[in-house]
Amino acid sequence: AGKTYTIGVSNTVQGNGWREEMICAIKAQALASGEVAKLNIAHRNTDAAGQLEDLRNLISAKVDAIVVNPADPAGIKAALAEATKAGIVVVAVDQAVTEPSAYIISNNQEKYAYLGAKWLFQQMGGKGGVVYMRGAAGASADSDRDKGFKEALKEFPDVKVVHEVFTGWQQDQAKQQILDFIATGTPFNGIWTSGIDNVIVDALTESQTALVPIVGADNAGFVGQLNKVEGLKGAAVTNPGSIGGAGVTLALQILDGKKPAQQTVLVEPSLWQNVTDAGKAQLKSAADPSLSPEWPVSISIPNWTTYTKDQIVACKGPGE
Amino acid sequence: MTTNPILDATGVAKSYGAVAALRNASLSVLPGEVHALMGANGAGKSTLVKILTGAIRADKGDIRIRGQARDVRSPADARRAGLVPVYQEPSLIPDLDIVSNLRLTGTPLEPFRAWVRELGVPDLDVNDMARDVPLAILRVLDLARALAVEPDVILLDEMTAALPANLAERVIDVVRQQSKSGRSVIFISHRFIEISAMCDRATVLRDGETVGVVDIVPGIEEKIVELMLGARVEKTYTKSGGASAAGTVEATHPRLSVRNLRVGTKLQDVSFDLRDSEVAGVVALEGQGQDELFGALSGAIRPSGGTIEVDGKAVQFSHPTDAIDLGIAYVPGDRTEVLLMQQSVRENIALPFSARLRNWGPINMGRERTTVARAIERLQIDTRAQREVQRLSGGNQQKVTIARWIAADARTILCFDPTRGIDVRTKQEIYRLLRELAAQGKSVLYYTSELEEVQRVCDRAIVIFGGRVVDVLPTDIADEAALTRASYGLPRHAQEDIGILAGASNTPAGAR
Amino acid sequence: MIRFVRKNGWVTGLFVLLALLFVITKIIQPGYGAGDFGSLVRAVLPFAFAVAAQTIVVIAGGIDLSVASMMALTSVTAAYMMNGASEEFALLVVPMVLLMGAGLGALNGILIVVTRVPDIVVTLSMLFVLQGAALLVLDSPGGAAAEWLKELIVGTIQIPGIPDAINAWLPKGLLLLLVCLGIVWIPLRRSWLGLSIYAIGSSPLAAFRSGVPVARTKTIAYAFSGLFGAMGGLTLTMSTGIGAPIPGPYLLASVAAVVLGGVVLGGGRGGLVGPIVAVFVLRLVRTDLTLLAIDPNVTAIVEGTIMVVVVMLGAYLAMRGRTS
Amino acid sequence: MSDQPLVPLVVLLILLVVVLQILRPGIVNERWIANTVKFAIPLAMLAGCQTMTMLTGGIDLSVGTVATMAAFIMATQATHFDPTIAILIAMMPALLIGLANGIGVGVFRVHPLIMTLGTSLIGIGCLQVYQRTVIATGTKVPDFLAWLGTGLSYGIPNALLLFIPVAAAIIFTLRRTGFGRLLYAVGDNEKATRLSGVVYWQVIVALYVISSLLAGIMGLLYVGLIKAPSLSLVEPLVLPSVAAAVIGGTSIFGGRGGYTGTIIGALILTVLTTLLSVLQMPEGARRILFGAIVLLVTAAYLRITEDR
């Protein structure tokens, strides 16, 4: 097939490593597929209402498909329905949407939290205090993860949350919060973070506090620390930003008439721990010091993305 | 008199922290009376007016209106009680047009228009924004707005201070009419000539206390001054010889030489010289181009034609700093234009020292302190409330604007009505100061709205009318009558009488 | 007429700019039509109300940093109350939420007047308080909106007797916007209260001396701001069908549009039409950037530049006007 | 300005610390104090920018962007350049944005809020574009910045080595130099300064350049403290920096205030953040409390100082 399609992209968080990787994956995949003539990307910080605006602008621009990372599963339903009505293929990535006509390829956030938390509580020997460092209050990804975390917590009745706090997914906040908490002298046996992880390791080492098991995401910085920091036990749960690339692939498949069996495809997270040999090997191979520490290292998803590392790092779409 | 006072205040006190603005003031006004409220700068006159009209709350005191005790809580409340003030500062809302300003205060438009015409402003556009109206006209509008609601008592705080003679005269006429029609007026002014022209009685304040109530009769001025100042102050012609004495050694070039100066449509064609060691007076009715003249000479506005030479060299000012670099300083009439209200007296006076880029570095605090102290001393500034200039009384604020340039040792000072709102003693001091400056070889261009000042301080008077110099009068013939005639553009020998102020100089009741 | 144009020069200029942008849009996307205009209007709605809320307090000499939080709180409250409730119940919810907005706005004003803390600090504090309250109502996006409420901004007004071609260009959202703003603003602007709001913004001292009850007027201005904020919050719920406790980007956008609209920060000058037109301009620029498929990172640069250049141009023209 | 009553502010600060100690006994220890100081310093530096600009009746909303740019550019450039060179490169945008702000405000008379908001948007956009070019270079925080940001010597944060001279310079500038006087003067009555020979744009351009450079330095220190450069690193500190200056008694309308108060304001905010994050309560309640306390502190301070 020649380069024929125009794909619209809508994303509502800017300046965050994960989202930037997602955008680059979309561009790289569009380029690698050879089927996309033009990308039309709306990428800025806004809310669901702002995303409605962006989506409608994309509809006005008459794109063939829209890949959207929804600000909220329900909040953009109206515009997605309008898009479908206009004959546009809609693929939601990262989070689900409630609009039934849209396709979804998503990371399983509930599972993400459950997997990490369960591992952590096992490492703690099924008892003790855990520090629970959440994301941004009021964000839907945060409340999904909270469900997973709580589910794991139920399985370990002797694990207590000694400190629960919202980092707002901000490095500086998280660091000050953990340092403040350390200063209180309250004992704790493990830390679960919602992906703001490397500053927590830094804080522990800088304040010469005994290292406890830490769960984070597969961000380049944290993966590096898992490999290098002496005495650090921890696990990275994958939450690939490259899901964006997968979204493009799905959209192109549908445009080419190859509809998937289900509307929803979930990408299951996996957990890389540095306490087993297998896990260590995974971490070693995944580590990539050349990436920005905020970027997830899982820069590709087998079967879904076809670009090379150079392509995603170059972050260039068709026509650039 | 057996009538009961319409307004009777006793034992009024008000303190701002350590500063007692009023200690024990009283004031009793009869119906139909024009009552002068007098006192030196900072005596507490404005404070009393503000208390009577609810703009501020007194700490103590008893206020009776028509015999009934009344707690006036706000200006709106005072208005309902029949007390309408015109404060020392304009009270129109700058961003509203005049009609809206009237609506805001519930003032009927037609009577207002009539009063404005009566007060000598025939061509007012009521759709103008208040901020575009010149200060003197604003004062008139403030007064017309007060008159239009027909109050029982009208309080005028230095109403005439910013007015040129022609407008001041109309105000006095109007005030007289008011008292004839049975209304009372409380009138604050530092000009004895106005007081004697129309007031019935005067209450004198000193340091926040009422020190006397006198009937205005010919010759009472000395007594009032004595009450005000607590001691006798002799009033003499300060002028001594002037340029004719000092100017015998003519410099090769005049200090400032203006030729065919034009600014927009207001200033048409003005030429004159200002020499070292002289005080040249400028006399003009309101709006004859004097603001533009001073603005152009100080670099604040750009002339549209003509030349300015300083010490024989042609100059073009694009910013006041250019003029200041050549030693030319400007003291505008409206002190709010030049004061840093939230800063201390010291910082206000020292401001020009830091102005230029090369003086942005560390300040020599010791030197500054002595320089500033000397300037304060020289102008006798009452610095009890010196931490913020906004807390000084109006007159003392006025002095700070001059002190700044005395401290900076400017060679030429352009003074625009500097004695506006200044008490008699300070006026004398300022006259003396200006003469001293001249004696030291400095030069002063002096615009005044009080014509009698010309003979006190100036070496000659440049009269401007319609944007042109119409006459230059030597001091000996520049009496008020001659100046008034000239400022209406009448030739020097015409003999019509122009209004009461011109006539007043012939009456023995004059303040000399 | 000339006087009108001169007096309203800035707003006239904005209208011209807007018309120009429509032409450009039509050139970029020849298919740009009535439906797309409807989308524009819906995008404008929350911004327009945020800007209206900001405008009124700025005219009164204040600034309201809590607009976006106010919108978030009223939006979640509405969505929370309508969740699972009947369609008729929403008839009750709407006035309640509007009242709540006005009340919280008045609280802003009262705090400013009573504590004498500057507006910017009080409303900054309220930004946190309202945000916190929104999180207490709903800790993540959720809730629902009544169908009739959502329908209010969908589709066009059918005025009988007017050809469909014109009707198509009259989206319901526009009517809603004009009615909601007009109902409040027009009578206000003509009333003594409206004058007082301008007066306290221009010079609180002179206003007080002119007999304006400054404290009360300020409180009322903030109450109106809260009311507009609540309308904005409701439009958020209407368009998304949910409530989100995290405030959207309405604070800075509202301040920017207020200034672009010719309202002077500091108070006393300006009107509501300018800021609303400015909102349309800003939204249309965003549309054009999307239509042009400009690199998303460059769009921030473009938006920033437009803001600075337009205001600089205005300032430059004003300077020229003053000297000539 | 020199008679800014600081005592009540300090009392309020101590009060907050006492409340914290009561709620979490034992927390107020040497380590906690060092942490608090470490986090208050960057905030105080940013609030220094606000203090200076607010004195002239302005505000600088671009400081967050400027500091973030400095941090991010330095961290990415340091991977292949000497740290000194990386720092010099990183300060260039700060200089440019400062100049642009100064010219916009000083010459074209654009309202500072809009001008700095606009340059901040432009800066962020440029940073995003730049970021694209350095995805594969990784980042590096030079050791000495990490030492300065996070290190302690004898239990005292090393950051004070930078902060004390900076703070002393700001305080001295404001109180004892001609430039400082002009900041107050311009904020008080611009027309008056003009008639006294002050050239407005010179003051304003200098001011915004200084503010921007200070923000840039703060960004470098901050990335030393956080050690994770991101594209929104300093953005969350912008509103708090305004709040710190205002709590410290600087008037947003110009002409009034000083830096000493601002420093204490920054400490108060930092302690308050701690207080709220160690209190276990719903996030919503935390924010409500935060807002309420900020308002209460400012109101109390105003009450106490007004009666003097």
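Letters A, B, C and D name the chains as they come in the text, with residue numbers starting at 1 for each one.
The working rule: a contact is a pair of C-beta atoms (placed from the backbone, for glycine too) under 8 Å apart; a residue touches a chain by one contact, two chains touch by 3 or more.
These numbers come from a predicted model, not from an experiment.
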item	value
Winner on C-beta contact pairs when B-C is weighed against A-D	A-D
Cα-centroid distance, chain A relative to chain B, in whole angstrom	72
Distance between chain centroids, defined by C-alpha means - chain B, chain C (Å)	46
Where chain A and chain D are represented by their mean Cα positions, the distance between them in whole Å	32
Between chain C and chain A, distance of the C-alpha-averaged centres to the nearest whole Å	34
Overlap residues in chain D, where contacts from two or more other chains coincide	124, 128, 131-132, 283-284
Per-residue overlap in chain A, given as positions that touch at least 2 other chains	14, 137
Each pair of chains that touches, named by its two labels	A-C, A-D, B-C, B-D, C-D
Chain D - residues contacting chain C, complex	104, 108-111, 113-115, 117-126, 128-129, 131-132, 239, 242-243, 246-247, 251-253, 282-292, 294-295, 298-299, 302, 306
Residues of chain C defined as touching chain A within the complex	29, 31-32, 36, 39, 42-43, 46, 134-135, 138-142, 150, 154, 235-236, 239-242, 244-249, 283, 286-287, 290-291, 293, 295-297, 299-300
Footprint of chain D on chain C - complex, ascending	65, 111, 115-118, 120-122, 124-137, 139, 245, 252, 255-256, 259-260, 265, 295, 297-305, 307-308, 311-312, 315-316, 318-319
Residues on chain C engaged by chain B in the complex (per definition of touch)	192, 195-196, 198-199, 201-203, 205-213, 267-269, 323
Chain A residues touching chain D - in the complex, by the definition given at the top	14-17, 20, 24, 137, 163-166, 168, 170-173, 175-177, 179-185, 198-199, 202, 206-207, 221, 289-295, 313-315
